[in-house]
Amino acid sequence: MIDTRPVSKPLLAYTVARLDRLVSKLLTQQLKAMDITLPQYTALSVLAAKGSLSNAQLAERSFIKPQSANKILQDLLQAGLIERHADPSHGRIILMTLTEQGQRTLAQCHQLALEVEHKMLQNMDIHLVNLIQSSMEKMTKNLKD
Amino acid sequence: MIDTRPVSKPLLAYTVARLDRLVSKLLTQQLKAMDITLPQYTALSVLAAKGSLSNAQLAERSFIKPQSANKILQDLLQAGLIERHADPSHGRIILMTLTEQGQRTLAQCHQLALEVEHKMLQNMDIHLVNLIQSSMEKMTKNLKD
Amino acid sequence: MIDTRPVSKPLLAYTVARLDRLVSKLLTQQLKAMDITLPQYTALSVLAAKGSLSNAQLAERSFIKPQSANKILQDLLQAGLIERHADPSHGRIILMTLTEQGQRTLAQCHQLALEVEHKMLQNMDIHLVNLIQSSMEKMTKNLKD
Amino acid sequence: MIDTRPVSKPLLAYTVARLDRLVSKLLTQQLKAMDITLPQYTALSVLAAKGSLSNAQLAERSFIKPQSANKILQDLLQAGLIERHADPSHGRIILMTLTEQGQRTLAQCHQLALEVEHKMLQNMDIHLVNLIQSSMEKMTKNLKD
């Protein structure tokens, strides 16, 4: 008989996945009031951090498929949160940047994310939080090596 | 001017999301050799843990939409990893359980997940890992309260 | 002008020393009711752990000077907590072992130490305590290398 | 039969004491080259932090007996590291302060302590060290409440 029982203690990877799913669910609910989806918020964050990106670059940096990136960008364009312009060095490539309204919206989204973060970390020692963060960065490095 | 710069230190929630995405990517690659997707592996795990479940119960417990659950179960049925039978107490409800082949497959998937976990945690103090896990459970509880 | 200000954050070594001094003070107060000093308790613990020791061995294992060890052993002998007997393999060496009364006394001392430990660790995550302990063992190793 | 075996895992209080004794031993060895004892270094640190203190205040703040404080201060006076002067507000009380030579000596002692600290903490995550320090402060508070 094969042992298919879950091990007595769940994998840390499973605990990480469960927490991430819960954060995503709560943040998605918060963003709904602003008529923004989580992938749209992620795209706005990535664009703001990089200044301007092509469709392909955005997809790569956001870990999403190019066709998904395309749909997200169309929606953000239509909502007036980003705008298109030609790449100054490669005229045929179209880059996206945030409009002023996009910047305002992003700042509000950041605020909502911060509130979820604070709820998640309430009553926790800041040094413990910093240790967990540096440890997770080490785990990420372990997996990439 | 609105401040849209990411805060100097990323949110822990972002670090969690990044690690989870990387684990999912690596595990998906590992499972490909067994012709299993990550959602299929998750469904097999949930079914094994609960004994047997209806389509609706599986969807709820796996955090996926009922229509996605339906597609996953169809694929698992076709691959001979699960089988259908009537709920003994409510004859019209169809429950799913793992076949012997499904149990063997699940054990192999668990082994692959364990290898990713070990790679992720290499050179880390087991007490630190335990502390991170209990802390993330506390964060999950904070978010649910 | 020479900078003699304490660094803004005290050394960890100083925090360790401060905690150790406080634990010693509280445990000494607790032991007073049993008419035992902290060095006597330490000597009883070391003797119990090793079975029997000479004066010189006790001094070395308790980090105390031989003349201090001598005084402690005299007091424990007089209180009937330990007894002397010749080393079976080297007749001229005198070994000390706990009497039955000494064993009873030691068990009571352990109980008092456990109460101080519990007060010290109240409301602390057991995994954090384990991590601190393994980390301090690593620090001890760092200093010995 | 009474159980006098040490518990399988030593108390954290014992691990703390062991580390503290090792730090004291190494620092004492380092200070010997400067012809300073550990209690003298402690007294210099306390005096520097407070500006000036009476014999009684020094004893209280250094956790030592007044007669020990007296001997330490005599040695420091003789070595020219501290000097006496009347308390401006209570003329009959004698206060001690560091001389310039005392300040130079203290700065060198701090440097030696810092080297022991660095050896102790080598290869340790700074966030873990911070967490241990804040946790030990919490333990100290637990014991004082």
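We just call them A, B, C and D in the order they show up, numbering each chain from 1.
Just so it is clear, contacts are C-beta pairs under 8 Å (C-beta built on N, C-alpha and C of every residue); 3 or more make two chains touch, one makes a residue touch a chain.
In this text, all values refer to a predicted model and were calculated from it rather than measured experimentally.
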Where chain B and chain D overlap in contact partners, by chain label: A, C
Copy pair chain A, chain B: interface residue numbering same or different (half cut): same
C-D or B-C, whichever has more C-beta pairs in contact: C-D
Greatest separation from chain A - chain, by CA centre: C
Rounded Å distance between chain B and chain C, as computed from the means of their C-alpha atoms: 49
Between chain D and chain C, distance of the C-alpha-averaged centres to the nearest whole Å: 20
Numbers and ranges of chain D residues touching at least 2 other chains: 128, 131, 133, 135
Listing of all chain pairs that touch each other, if any do: A-B, A-D, B-C, C-D
Chain A-facing residues of chain B, complex: 2-7, 9, 11-13, 15-27, 45, 48-49, 63, 98, 100, 103-104, 106-107, 110, 113-114, 116-117, 119-124, 128-129, 131-133, 135-140, 142-144
Contacting residues of chain D [partner chain A, same complex]: 125, 127-128, 130-131, 133-135
